[in-house]
Amino acid sequence: MKFLSNVQTTHKVFAALVLAVLYALPIFITSPVMLQIFILIFLYAYLTSSWNFVGGFAGVLPLGHSAFVGLGAYTSTLLYLTYNISPWIGMIAGGIVAAAFGLLIGLPTLKLRGAYFALATIAFAEGLRVLVENVEKLGPFEVRGPKGLLINLVGNSFKDFQFLSKVPYYYIILTMLVLVLILTFFMMRSKVGYYLAAGGEEPEAAEALGIKVSKYKLIAMAISCFLTALGGTFYAQLVLYFYPKSIMGLDMSYEIAFIALIGGRSTIMGPVLGAFLLRPVGELTRIYLGDTLPGLHLIIFGLVLIIVMRYQPRGLVEPVSRWLNILFDRIEKRRRA
Amino acid sequence: MIGYIESVINGILMGSIYGLTAVGLTLIFGVMKVVNFAHGSILMVGMFAAYWFITLTGFNPYLALVVVVPLLYFFGYYMQKIIIKPIFEAEKHVREPITVIIVTTGIWYVLDNLALLVFGAEFRVAQTSVTGKMVEVAEMYFPLAKMIGAGITLLLGIYLYWFLKHSRMGKAVRATSLDREAATLMGIKQSRIYNIVFGMGCACCGVAACVLVPFYYVYPTVGVPFDIKAFVIVVLGGLGSVPGAILGGIIIGIIETVGAQFMAATWTEMLIYAFFLVVLFVKPSGLFGLRQDY
Amino acid sequence: MSLIAIENLCAGYGEIGVLFDVSMRVEAGEIVSIIGANGAGKSSLLKALSGLIPATSGTITFNDENITKLPADEIVERGLIHVPEGRRLFSLMTVFENLEMGAFSRRAQKDFKKNIQDVHELFPRLKEREKQLAGTLSGGEQQMVAIGRGMMSSPKVMMFDEPSLGLAPVLKKDIFAAVKRIAVEYGTTIVLVEQDVMNSLAISDRAYVMEQGQIVIEGTAQDLLKDPHIKEAYLGM
Amino acid sequence: MNLKKFIVPAMVLAMGTASFSAYAAEKVVKIGNILPLSGPSASVGIQGKQAREMAVDEINKAGGIKSLGGAKIKLLFADSKGDPTTGVTETERFISTEKVSMVTGAWNSSVTYPSTQVAERYGVPFVVPVSVRDTITERGFKNVFRIAAKDSWWTRDQFRFLADMQKEFGVKVKTVAFVYENGDWGTGFAEKWRELAKAAGYKVVLDEPYPSTASDLTPVVLKLKRSNPDVVFMTSNAADAILLTKTMNDLKVNVKAIVTSGGGHADPSYLAAVGKSAEYLFDIVEWETDLNRPGLKETNAKFKKLYGYNLTGEAVDAYASMYLLKDVLERAKSTNPKALQAALASTKLCGGKTGLLAYDCIQFDQTGQNKNASLVIVQVRSGKDGKMERITVWPKNVRRAGYKVVFPQPGK
């Protein structure tokens, strides 16, 4: 956050460079597995950045965001399977549905203090999951309860949001991520962001100043849910098969929140940083240790969580931006010299 | 008719045990304002301890209380002291330190998977003198183990009430939960209160574990379903309220048992969440909570 | 040696400094006022003294002992008692329980009987309201509980943070009178942070003026009452 | 954006892939195995892993794949955690990074279902030892081969068994109840049961799904008791199977028979956990230790010595699947997926180690389903030493010699 607020030339050049590298990456990496790992990192960075709108800037801790991932995935997929509506359109529809649910749940709960809000969101997400598991048919839609939805393979088709290669998925999610980061950047500079920042730390004080914090929190919640649901559609199209437990289970909600907290919430780069750390830790420990001792990889995952929180309670974005700033200063000096 | 009475009573019995599993959570939250996500894992640790005690000694299952409760007290005491405290210190000025939630989640992952590593993925059931024993009242059957469990819940509730209301330490705990900083100014050492409260919260899990083992199975992730249920119960009853937790548990137990007589069990699960959300909308502080606590 | 000696104290919340190079002293038996505008750092100074916020540099000496790094509970144990701003009662505990909490430290427990007598003598109302929840009391009564709670700790020094804040003028008078009585009757040293400059200077021996985290003026209460800057800035004359 | 957070994981990943490729120099055939090694179905996952390891150890010690110059089989395992996305990722990793010749797994139907889709896309054979959902082999895929029986065969045989029992004992069953976990598996079974019950003319008095993570199943059992069925059909995972069995026994639910569907009821810890509460229960399985099959005793003894418990249906299918892979590799004389696919399709593997299975030969139909896969029904009884035992009772021709089936079960 710091290193974006005083955007120097070096920073700009650096950001452009990183972006260029990321966009060029699929030229060098052809292994679908590597691409898949990157796609999942970007996806989680995207979901966490979306979460950040309410979890970071509105100063509350939602622990049920998988509900909105699920709403996005179910809406677009049901529209596609029932009416053959392109998932691209379904994606927007899913976002709207999720935003509506977000407002519905946010209206009474956003007034609550942290733990109540956190537990209320867990209950909402679990309740919604159980509900979907119990619904076989909803009007014309075959929800199929716990069996979940399978999107049939049709091969490469942009309209159907399906690609045989991983590369298009890579570009789509990378672009989604970049867009959400830009949106975050502008949000932080906007009136909403300003009021939220004021209200996030001292809600009573802000209310006293006449700022309707709850109104801005609701706006943030709606944006957050909308964006999260878009990620849900992407996820559905990537995996092509999902069921309530896999797409709206609590594991995913928790992971999104952890990524934000480990990376550094209420910052632009925190979610990205968190996703780049936690996701590979999760994947690599599972790949290398998953078959040796059952559960060892999750022990390591747990330890990483504890250690990072112990030594960097504000998230890793702080030390990283400090190092970067030192690095940039040196470059700047050398350039001037 | 008799069937419904039977389900109501069974609901109360199981519900009071749910309440028992939630007491520790609410106690810790009430004072530290921290939702302990490792709660279910601590219950699991207690259940394994009770299981091994009962299986290896063959004593009456409730004798395990004598061993498991102090064991979990010290387990919780030192867990707070060694792992949680340093993080808490760093976040001292935050009313609800969120990083602590993440740390307790880390502890949850570590404990559950350590159990998997050490004890394996087997389901274990202790064979005790009360296992499978039923009490028959007018053609209704009630499991003896659950009746004893409900009794123990009641006793623990009374003890905690006495402790918080009348003992010096209990009053210090209440003072801390009401105003951390003011309590510090009274010379109440916060970190020590937290150690004690965390220890007591875990000891309550130990009591719940000893109550569960005679009729339940033991498994590395056995705490998870109780975890979510305990979250719902404590919010329903009012975060930080011990009687609220027990009564909240009983309400959940009754909804679950009686509701299931009219609809599929999967829908009662839904019903519980719906009821929970309705309560949250209507009375956000929970059924027995105080306004200032949310 | 002074009872309290503060030398070059700097303190703050995290990276934000609020106290800069503060030096002051309090002699045994004195009433010392600290006056200043909102946000001048008066409350922070008391918090630093009672160990609620850590000192970043400088030293605090109490009774010839360096207490700069001591935790809050140890400071209470030594008899340096802070009666916080806004009273900060344990609202859901009874008046009596609040007083009991004041006597939590080991040292104060010995004197429990005597202290509670003193409190009841000073504020007879608190005996009548013994069983009432503190949160249900009126503002004036709450302030009495807060002061009584401080007295229960067997204080050598009592530090009051804005005890008269938000009270009606009549009640204000009572509170200042009570503070004075504590000093006179029990020989307790008093540090008084106040915005009601007139009333607090009236009962004080000496006073310090704080602005922006620093001590800008110090002197006897009489001198300060005459000081033109004080007159203009704090007394509105 | 900054470079560090991108480069570090990338380097770690790159080093990882580099170390993998070192294997290529040796003469090995890599087989990827996806199993739930952690999470709720970890116990079956671990059984499958151990059985595979024992089989491959035997194969390699016996000289490996002779037609490939004695190449050794190398097993790679991945933990799916029971999660489809992880299953898909791991299948993709096995195929594209590890360059495995074949993939096996993944026990959870919900993982197998999308993972086989990946294998099909890459044209790499995917052998499914156990995963019962019908549709896994009903999508016209060329590369998916299932050894185990599918859903509809399990439910079909449960009802055939019930009909046979009524005939044998002259008892009439009028009402049935269905109690099943509300996952994909349980609801799938329930759908088939409904049709079968209708066809057989039974009245369904209770059709009750329950969440398998439930912490108390007393409400379900109370309901079951009040519906008072002749026979109850159940589909449960391990934890809920234990709770249901104990609670049904405690609350003295009287039925003529309880027919369960393997899974939790076949888990090795189940019988130890519930003890006598499971007396007289009928469970359907693919395989049982008391089957009269050549070499079974020795293999079971070896397995028990290695891992401390008896072979299970899951373990035997996994064990047999390794011998199937050996046979396929021998015949294909290649590790080329196309050749392997062709060899798999023309499998007729009889006797030998695969003879442990309840039937004689593995043969696949056009859909990739093993057409010989069959099922048996066992009855749980307490033995002389008080230990619970599973005794094969159906079909009649495999019933343990001298055993007298208890049907209906005595009242409580």
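Each chain carries a letter (A, B, C and D) given by its place in the written order, and its residues are counted from 1.
The rule is short, and it goes like this: contacts are C-beta pairs under 8 Å (C-beta built on N, C-alpha and C of every residue); 3 or more make two chains touch, one makes a residue touch a chain.
No experiment lies behind these values; they were computed from the predicted model shown.
Centroid distances built from C-alpha atoms place D farthest away from subunit C.
Counting C-beta pairs in contact, the pair that comes out ahead of the other among B-C and B-D is B-D. Per-chain Cα centroids separate subunit A from subunit C by 49 Å. With centres taken as mean Cα positions, subunit C sits 42 Å from subunit B. Chain centres here are Cα averages; for subunit A and subunit D they lie 36 Å apart.
Looking at subunit A, residues 130, 133-134, 294-295, 298 sit in touch with two or more other chains.
Residue positions 113, 116, 121, 264, 266, 269 of subunit B each touch two or more of the other chains.
The multi-chain contact residues of subunit D, meaning those touching 2 or more other chains, are 38, 42, 46, 182, 211. Here, these are the chain pairs in contact: A-B, A-D, B-C, B-D. Remark: subunit B residues 29, 33, 35, 83, 86-87, 90-91, 95-96, 98-103, 105-110, 112-114, 116-117, 121, 220, 228, 231-232, 234-235, 239, 264, 266-267, 269-270, 273-274, 276-277, 280-281, 284, 293-294 touch subunit A in the complex. Residues 13-14, 50-52, 71-73, 76-77, 81-84, 88-93, 97, 100-102, 104-105, 108, 149, 153 of subunit C are the ones touching subunit B in the complex.
Interface residues of subunit B facing subunit D in the complex, by the touch rule stated above, are 3, 6-7, 10-11, 14, 18, 113, 116, 120-125, 127, 132, 134, 141, 143, 215-217, 219, 221-222, 224-226, 229, 253, 256-261, 264-266, 268-269. Subunit D makes touch with subunit B in their complex at residues 38-40, 42-43, 46, 182, 208-211, 213-220, 222-223, 225-226, 238-239, 242-243, 246, 249-252, 267-270, 272-275, 277. Contacts from subunit A toward subunit B in the complex involve residues 61, 108-109, 111-116, 118-120, 122-124, 126-127, 130-131, 133-134, 250, 254, 257-258, 261-262, 293-296, 298-299, 301-306, 309-310, 313.
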